[in-house]
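As written, the chain order gives the labels A, B, C and D, with residue 1 at the start of each chain.
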Amino acid sequence: MSELKFTVQSLEERLAVGPFNRWLGFKVLHMSQDSLELKATWREDWVVNPDRRYTHGGILAAIIDVAADYAIAIHLGRPVPTIDIRVDYHKAAMPGDLVAKAKVIRHGSQYSTAEAFVYDTQGALVASGRGTYFTAPPAPAKVASA
Amino acid sequence: MSELKFTVQSLEERLAVGPFNRWLGFKVLHMSQDSLELKATWREDWVVNPDRRYTHGGILAAIIDVAADYAIAIHLGRPVPTIDIRVDYHKAAMPGDLVAKAKVIRHGSQYSTAEAFVYDTQGALVASGRGTYFTAPPAPAKVASA
Amino acid sequence: MSELKFTVQSLEERLAVGPFNRWLGFKVLHMSQDSLELKATWREDWVVNPDRRYTHGGILAAIIDVAADYAIAIHLGRPVPTIDIRVDYHKAAMPGDLVAKAKVIRHGSQYSTAEAFVYDTQGALVASGRGTYFTAPPAPAKVASA
Amino acid sequence: MSELKFTVQSLEERLAVGPFNRWLGFKVLHMSQDSLELKATWREDWVVNPDRRYTHGGILAAIIDVAADYAIAIHLGRPVPTIDIRVDYHKAAMPGDLVAKAKVIRHGSQYSTAEAFVYDTQGALVASGRGTYFTAPPAPAKVASA
């Protein structure tokens, strides 16, 4: 029914607008109505444990938040403020790029829910989660933190 | 009953071991049995929205995870793997250092729960959340992502 | 600044309007601006495990949701739709009434966050959690599930 | 690879052991390795709002917790203690039986994650969520609240 509000290129450009999303090195691998596949580009700064060198849980949380948020953005035409997120950690994410697959669980006129699953380069699930996003039409001045 | 397993200095050193926690610029402001106050040092890379310049929700999630985790570490003598976290976003975090106040909700022999509240430089609450941590004695080889 | 929108008696009456809250046997123990203490009255139907006889996690989730919701209601004058909740289980809740202590974390014009801690008759913490509630002014026809 | 540890009949019997699950009227509609479909049988006591007569969010949380837990039980041979849950409310659940579809997200030796989606009799999604469960081998004396 509704059409995509972004192309792969325009979504990637929108993602690259902010310094932190740029720092996470997002590439759009695939998108459709209500689903999105992003790649985040590994960097040494992500490491939490210098011996085992796995990625910090905060990085995984950020990737889940962004992927879920932009799965909604595809439909809505803009990223939206995050109300809250939950993240489950399943496995240490060893050095390497990460792929997030996100899907909208429910579109709402006031708030919406989306989920994302993060995989390592071997395709193993390392983390997953879901977020609630504020999708009411933007008011003149709105504070938020997506 | 039990004593602190870290001093302010040794906790700060432990935090600085990993690249991402170093990148977040943590300083220990205060610690006691079961509570911890950390400062994270703002950097331009944290910004998600270049116009309004507020901090990315993933950064706030990382700060909450670390503060809650290390509130447990004070008691246990080591940071622990994060099982899952929830983060609520209350207000846009404008440029400036952030202070996280964390507290253990319950110590368990297998898993423990801790919460953290994040404040901006004006003392306004910008985000809060809680995490569950895996606190069973470490096995020979353990995967996790704190 | 703002005054309480309920008395102990009117809040108890409001709680008793719905069959399930009546079934949970809520009594108001204490209330103030932004905090609420409720008692839920134990019944055999709550039991999940007939040998050990502890209370079902779903009952604890319901108590947390109601306590957090009504902590907001004190301020707002009406219970509000729940957007989402998180519940942490800390300890088996053995037969006996349960006391929930709830507090508003942040009042917002669109959505608000509150938390609740549930204690058994010995005062031990058995569960805790937090919820996000939809606090925008009610529209002509609104669907929700608080 | 591994076989089912329950049949539809033995799982239904296991569910009916506890008073609260009996009160929720669970029927097993479908089960496979790692997935489970349950029906909960509506009763007037579920209602939170006597005018609009929708079901209390605590009931939906209980259904999600049980469905996710027993999706793990199919694999493990026993229900497991719930560590924590998150529940998102999508739509008012009007009077009528509810169907929960649950799936294991990750099996772990210490803790596992599963999710569930709850639908009304028209097939509309009314709530969804996920839980973390304690799946370490049972110790001699274990406290928990699934």
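Everything below uses one rule, namely that a residue touches a chain if its C-beta (ideal position, glycine included) is under 8 Å from a C-beta of that chain, and two chains touch if they have at least 3 such contacts.
Keep in mind that what you see is a predicted model, and the values were worked out from it rather than measured.
Common neighbours of chain A and chain D (chains touching each): B, C. Of the two interfaces, C-D and A-C, the higher number of touching C-beta pairs belongs to C-D.
Separating the centre of chain C from that of chain D, both taken as means of CA atoms, is a distance of 21 Å.
As a whole-number value, the distance joining the C-alpha centres of chain A and chain C reads 32 Å. Multi-chain contact residues of chain D (touching two or more other chains) are listed as 83-84, 86, 88, 91, 113, 132. Interface residues of chain C facing chain D in the complex, by the touch rule stated above, are 17-21, 23-24, 44-50, 54-63, 65-66, 81-89, 91-93, 126-127, 143-146.
Put simply, chain B touches chain D in their complex at residues 83-84, 86, 110-111, 113, 132, 134, 136. Note for the complex: chain B touches chain C at residues 86, 88, 90-91, 105-106, 108, 113, 125, 128, 130, 132.
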